[in-house]
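Right after this note come the structures.
One chain, chain A, links the two complexes that follow: it is found with chain B in the first and with chain C in the second.
== the complex of A and B ==
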C-alpha cells in the first residue's frame, strides 16, 4: 500500500479469467441452463445445429479501488485539470450520479458511487467548498427511496446532505428546476437541470455496465427531461441504432453527443468520472455461483445447490421468489476508473467494457434463444411486467451485438420467461394503462408513437406521481416499447416460452409451453433444420458478429 | 471443627515436619540468591491464552456473555465498517478510552475476520499486577501486557511476533481511561508498533461508554453508544512515531466530530485543521465538564420541567 504502488494493479486473487466462447452443441453436450424469470430451466438443444455463447469469466478487480480513485481524480484524461485544481471556496459544485438502474443487480456495499463521491467530497472539503448539491441523475425514471440512496452514496454522505435538502432526486418536471440550454444543428432541444447548468462545476459519477452507458449520455439524458428525450427516445432513432450498444452505429449515441456539445457550449463544465465493473454477477463462490459456471464444470456441490434452488423456487409463491432475488447483491469489482474530459474518458471506458464483455461470434443464426432473468434496469425492487420482458429481450439482449444481429433478418427470437400479467402499481402506473389501452389497440411502434405518446407524456396525474410518488414517468412504457422496435422490425416472429398466454398475445407474440414446442413453431418461419444460437446471458456479454 | 478442616490441618503439619526434598531447600548463608524470573507486569506469560482451548473459551465468553451484555448496556450503533473493506491481514485498532466497557464493546464490534483473532494491549501495571488478575484478563479479553509509560522492547517484540503470526491488536493510545470525559493526548505506542510491524492502524472513536462505567464507578448504568471506524492509516515514508501518533489523534478527533455532527462538516473541519480537540478546552474542571455537555448527545434529550401531576 505504498504511495508508489501502481494504482490500477489488479488483485490477482483468482486464476486467469477465461474468455467467452461458442460451444457447438453435439449429442454429448449437457442440457443448458436457461434463466426463466425468477426460476431456472435446463433445456436440451438440438445437436448438430445449435450453439451456445458463453460469457467471459469475470476479470480481476482493482486491488486498491480507493487508491485508483484518488489517482484518477489527480490525473485526469483529456483537456481537464485535476479535480483539486477545479475546486475553490465560493463555487457552486453539483455532483450527479447514476440512479438505481445501475448496476444490475445492485452491488454489494460499498457501492462504487459511494467510494467516488466520498473522495470527491473530501477534495471539496479540503478546498473549502460550501455550496454542494448531490443529484440522482434519473431523468424520467422513478425516484430513488431513502434506502436506495443510502445504498448508492453511503450513510455518511446521505446523513450529511439529505436532511438539509442538498441530496435529492432529479425532477425533470419541475418547471423552475429545468432550463433549455439551446438546440442542436438537428433541431433537438437540449433541456437540462437548472442547478447543474448554473453550477461552476458538475462532477458526474458513473458506473458503466454496458457500452451504451456513460459519455455525454450521462448528463444529456440523466439530467434532462421529456423535452430533450423525445428527440432520441423514439422509433426512428432506435431503428437507426444498429445496435444502440455500438456507438459507431448508434443514432441514440450520436444524438446524445450532439446534445453534449450544446451543453458544453452553454458553458457547463463537466468533470466526468467513469468506472467499469467485471461481470461477477453471481459470485465466484456462494449460493448462486453455479449460475455463472459452465454446465460441465458443475461439481457435486453445484449440482446439489442447483437442484435444491430449482425445486425450492418451484414451490414458493412468486412474491417470495421475488423477495429472495431482490435481496441478492452482486459482488461486482471495479476493473477501471477514468476521470476528466467527457469524450476522452468515455473512449477508454468503452474499451474497458469490451475487454470484459466481448465474445467473437461467426455468422448469424436462424433462431436466437435466450433465458430472461428476473431483473432489468427498470424493475429493481419491483415487478418484471410484460412490457419490461419485451424491453429486456428485444431491447437489451437483442441489441448486445456489434457488426450484425446474432439472428438473421426474418429469423425467430425465442425467449423464456413467465411473463406474468402483473404490474407494480406504485412504480409502473402508466405501464398498466399502456398495456390495457395502447397495446389492446396496436403493437406497431410507429402507430403507438403517433397516436398515444404525447397524451401519456403530458398527463397531469402521471406527472404528479413521477414527481411525488415513486412512479416512472407517464411516457416511460413507450420508450420501453421503442427500445425493442429495431428487433420487431428485424425479426420474423417472437415466441415466449412458459409465459402467460394472454399477456404474450397482447404484445403480439406467440406463446409456447416448452422450448421444443417453440422450436417446432419457429420451423414454420425458418424451416425444419434451422440453426439455433443460445445466448447464455447473464452474466452479460456482447457478441462481435462477423 | 469439621473433619475436613481437621484433615487439612494434619496435612499441613505433615508437610511442615517433612524437609527437603518435599520442601524447597533454603539458600545457604553467604550465597547470593539466584535472581527470580519476573512473572508479573510486562513479563506475564500469556501465550497459553492464544491456544485453542483458551480461544474457544474466550469466543464463547465474547459471543455468549459480552455480546448480550453490551447489547443491553451499550446499545451500540456502529458506523464506518465499510472503510475496512480493503484491509487484508492483521491491523492495529486504536480507539479513544473512556471506560472498562470499551474493551468488551470493541471485542463485540470489530468485524470478522479480526474479531476472534485480536489481542488487547492492556496496561501491564494495572491488569498484570497479580497472577489472578493477569490470568483473567488474558483469558477473557485476550489481553497482552503493554508498558504504558514507555514502549518496552519486550512489549514491542511480543506484539511484532503476534502480528507476524496473523493476530491483530486493539490498543488505547491514551494509555488509560479518561478521568473527566474528555480525551487525553495520544501516546506514541500504537504508532510506534504500527511502524515497526508495518501494518495499518484503524482509528476508532467510541462515544458514550463514559456514561456506562466511567472511571471511579463500580456499577454500570445502561446508555447508548456509538462506535465509528475510520479509514485505515499507514505511516508515510520516513514518518516518525510522534508524527504518526499526532495524525492518528487527529483522525480520531475527526471521527468524534463526525459522530456529533455529520461526515461532511467533519471533513471540512478536518481539512481546515479546525476539528474539535479530543482533549477539550484548556480550562478549569467545571468549565471542562460544562463544555462536555455540548458534545454529549445523551444530555441533549429534553428533560421534564414540570412535575408529573
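== the complex of A and C ==
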C-alpha cells in the first residue's frame, strides 16, 4: 500500500449521478435521439403508449486508480494469497488480458489494462520473475495490431516484451500452442492455451463492460479455441440463456463455469483481476456529451451542437464518418477493481456492473425500438457489417435484461441502422461468405449450425487468415448469428429502419424507410395501438424487468 | 414473303450501335434491319427444299448483329443482304415438321471432297464457309442465298434438316438448336468433377442441363443474375447458384481452395490457389473470362461458349497455371460414351425432352412486332424471360407460298 487513504474513494467531482429512468412519452415529450450507425435521428414516439428507458448517469470513477490496483493485488478476495506471495524466481508467469472488443468504444489512455499490467510487472520484477509472457486473450477474434496492443498495454510494456516475442496474440489454431485439459461432466472439451496451462500462475486482466464478461469466461473462452467454444457458442446454449447477460439464467455462463472448474482441477492457477468502468461513453462535457443527456434537458448549446453534428455528418461520405467515430476514445473511469480467486472476484464485479447499469422496468411492451450505434465488439477500427448489426440488435441489446425481455413474445423489434451491404475484407472474410452463401440459403440458426458451421470452422483459408492476417475466425459469423437466436425465437417480426433493403431482406428482416412506416408495419403483428419501449442505449444499461 | 432483312448500310449500322449501347435491342428501330416483302429465295441447288418456319428463336449473336456489336471477324463470313434466324422449327411443303441444323458446311455448299472437318462430322469447324456454290455465310441466317428463319420461308439443304418427333411441341423443338450448343460445350468439359458455369441465360441454362445429364456426380456451380435464372439453374441441375460478383468466393468455398489476394493475406479473393476443374463461360466478356482465369485450377480448362468480341485480358494466369482456353462453337458429331459417333442434334433433342427445356421459351411475337421482340430478347434477364422467338404460325403470307 502506498498511502493510508481509502483506495476505493471516488473522485466525487460531479453532482451525485442519477439512477436510470423510464420516461412515459406524452404530447409534451421532445423527439428522442436515436443512434443510426454513424449518424443520428430525432424521432417522435407515439404519446400515451410509448416509454423511453434512460441509462443511469455515470458513477464517479476511483480517485486513485493506481492506488486501488496496488491495494487489490495486495488484498485478494476469496481463497487466494496476495499476488506478491504467488511470485517467485524461476516461475513461469503468464499475464492474459482482454482484447480489442473491450471496452467500447476504446478508452482514453492510459487504458486500465496498462495500469494493471504495469503494476503486476512491477511485482514480478521485485520477485525476480524472468519468464513472463503477455497474451491478448482473443479466443477466435481477430489479432490485435501493434497500435492496438500499444494502446491496451502501453508503449513501455509493449517495447519491453513484444520485440522478444513475449507479448503476442493468442492463437487458437496453433497445433503446438493448444492443449485439451479435460472434459466437463457434460462432455464439453476444455481446450486451453498451452503456455497458460504450463505456467505456474496465470494473471488475468479484465475489463468488465457487461455482466456477461469476466469470471471463468475470461480464461475458459479467451484462451480457448473452437474445440471448446462449440460447446457453448451454439444455438441450444443461446436459446437457453434468457438472457446471456443474466448469469443465473445463462446456459453460456454455466458452461463456462464448468470449464473453469476443469481448468482449475487441471492445476492451472489463476489470479483474476477484474475491473468495472462507469458508462461515461461520450463525456460529461465535450463535443459528444449531448449524446448522454436526456433530451428535455438539452440547453441551447446542446441543441446547436447536435444540429451542427447531425448536419455535418449528413454531408460527409460514410468513410469519413467512420473515421471520425473510430477516433473517438471514451473517457471511461474505473469504478472498481477486485482481484484474487475467480468466482469470489466475479461476484463482486457483477454487483458493481449492475450498480452502474441496472434500471428497474415494469412489464413488457408490444414493440421494442432501438437506435444502433456505429460500434459493436467486433468492428473496432472496422466496418459494422449487416451480420454485426443483427448481432448488436438481437444479440446484445435485446439481451440486456434480467427477468424477462422488454418486448413480449411475438412482439416486434424495430432497429434503426443504415445496415450497408459492406464488409471489411481483412477483418471479416468469412462474414462475406456467410452472407453470400449461408444467409442466401437459410436464416434459421439451427439449420445454419447443422449445415454449414463445421465447414467454415475448418476452412483452411480462414484459419490461415486468422493466424496470419487480422481476420476473425471462419466460424465467428455463425456465433454472431447464434447470439441473436433467442431474440429470433422470441420475436414476431424484426424491422430495420433506414437499412439497405437488400441487406435487410437477406437477413430475413423487413425494411422500412421511416420509424412511422416501421410502426405501421408492426401493427400487422401487434395491432394499431401497440405499446412501445425505446432503449436509449448507448450509454449501456441493463433492464431489470418485472 | 414476309421477312426481316438485314442490309449492309454503314450509317444505319453506326446508328444501331449507338442506340443499342443505350438500350439493348434498340438497334432494331434505327439499324439496317427492316421488315420487307421479299421474293421467296430460289433453291440454290436441285436437292434444296423450302422450309416454312413455325417458330424462330432470337439468339445472342443475332442481337449483337442488330445492335452493331458483332465482331469484324464475321464480315467476310456473311453475305448481304441476309435474313437472320437460325434457331428454327418449321414445315416442309409435304407437311413434315423439321428443325434446322443451320451450319452451311461443305455438303450444303456442294463441295466434294469435303474438308477434313466436315468429313469427320464436325460441321461447325467447316473450313470452306466462304466457298462453293453458296454466297459466304457460316450459317443459314447469315447467307444471302438461303434466307433465314425470320421469314415465312427459306431454303435448306436436306443435310441440315432433322425431323421432329410428334411428342415434341414447337416450343421444345425450337430449343433443340441452342441446346445442341450447350451439349457440345458440355462435352468439352467432360471428366471435370467441379465445374463453374458463368451466365444463366439460354446458353447457360441449356449447358447446365447438358452437364448434369453427362456428369451426374459433378459439382456444378453457376452464376445467375436474376431470380428466375437462379430458379431455373437449380432446377436444371446446378448444385450451387450465386450472383456473378460472388463467383470467386463461391468457387473457393466449394473447391476448398485458398485465395490469393493482390495484397498479402488481406482476405480479398483476387484469384484462387486451386479452383474448379473446368469453367464453361456462357457470357464471353472480358469480365467473365477474367473470372474464369481466376477460378480455374492449374491445368484446368475454360470452355468459351458465349460469343466474345474484342476483350481485354490479363493472360498471365493462363500461362502460369497452364490453363486451356478453348472455344465451343455450334455442334456436329460427338463421340458417345461407347465410342460411337452421334449427332449433337440427336443428343439435344433427347435432352430438350427429358429436361423440359421447352419451358425456356418465355414469349413469342409476330414478325411485325419485331422491335418489341428484339428489345424483349435483349432485356430478357431483367424482364424475367429466357428465350424469345418469332411465331410465324399465324402469318398469312406463310400460307400463300
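FYI, the second predicted complex is superposed on the first by the 544 of 546 C-alpha atoms of A that agree within 3 Å, B and C clash if a C-alpha of one lies under 4 Å from a C-alpha of the other, contacts with A are read in each partner's own complex, and residues count from 1 in each chain.
Criterion: a contact is a pair of C-beta atoms (placed from the backbone, for glycine too) under 8 Å apart; a residue touches a chain by one contact, two chains touch by 3 or more.
Remember, it's a predicted structure, so these values are computed and weren't measured experimentally.
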Label the relationship between chain B and chain C on chain A in the superposed model as either fit or clash. fit
Touching partner for A:436 - first (chain B), second (chain C), both, neither: second
Of the partners chain B and chain C, which touch A:468 in the superposed model: first, second, both, neither? second
Mind working out whether A:303 is in touch with chain B, chain C, both or neither, as first, second, both or neither? neither
Does the superposition put A:460 against chain B (first), chain C (second), both, or neither? second
Let me test your reading of the model: by the given contact rule, A:451 touches which partner, first (chain B), second (chain C), both or neither? neither
Once the structures are superposed on A, label A:155 by its partner contacts, choosing first (chain B), second (chain C), both or neither. first
Determine, under the contact definition given at the top, whether A:269 touches first (chain B), second (chain C), both, or neither. neither
Angle, in degrees and to the nearest 10, that opens at chain A between the C-alpha centres of chain B and chain C: 120
Overlay on chain A, chain C to chain B nearest C-alpha distance, Å: 32
Mind pulling up the chain A residues that touch chain C in the complex? 424-429, 432-433, 436-437, 440, 455, 459-461, 464-465, 468-469, 471
What residues of chain B sit close enough to touch chain A in their complex? 79-80, 82, 85-86, 200, 234, 236-237, 258, 262-265, 267-268, 270-272
Help me check something: in the complex, which residues belonging to chain A touch chain B? 1-3, 64-66, 109-110, 114, 118, 121-122, 125-126, 128, 130, 132, 154-157, 159-161
Which residues of chain C touch chain A in the complex? 240, 242-243, 246, 249-250, 252-253, 256-259, 265-268
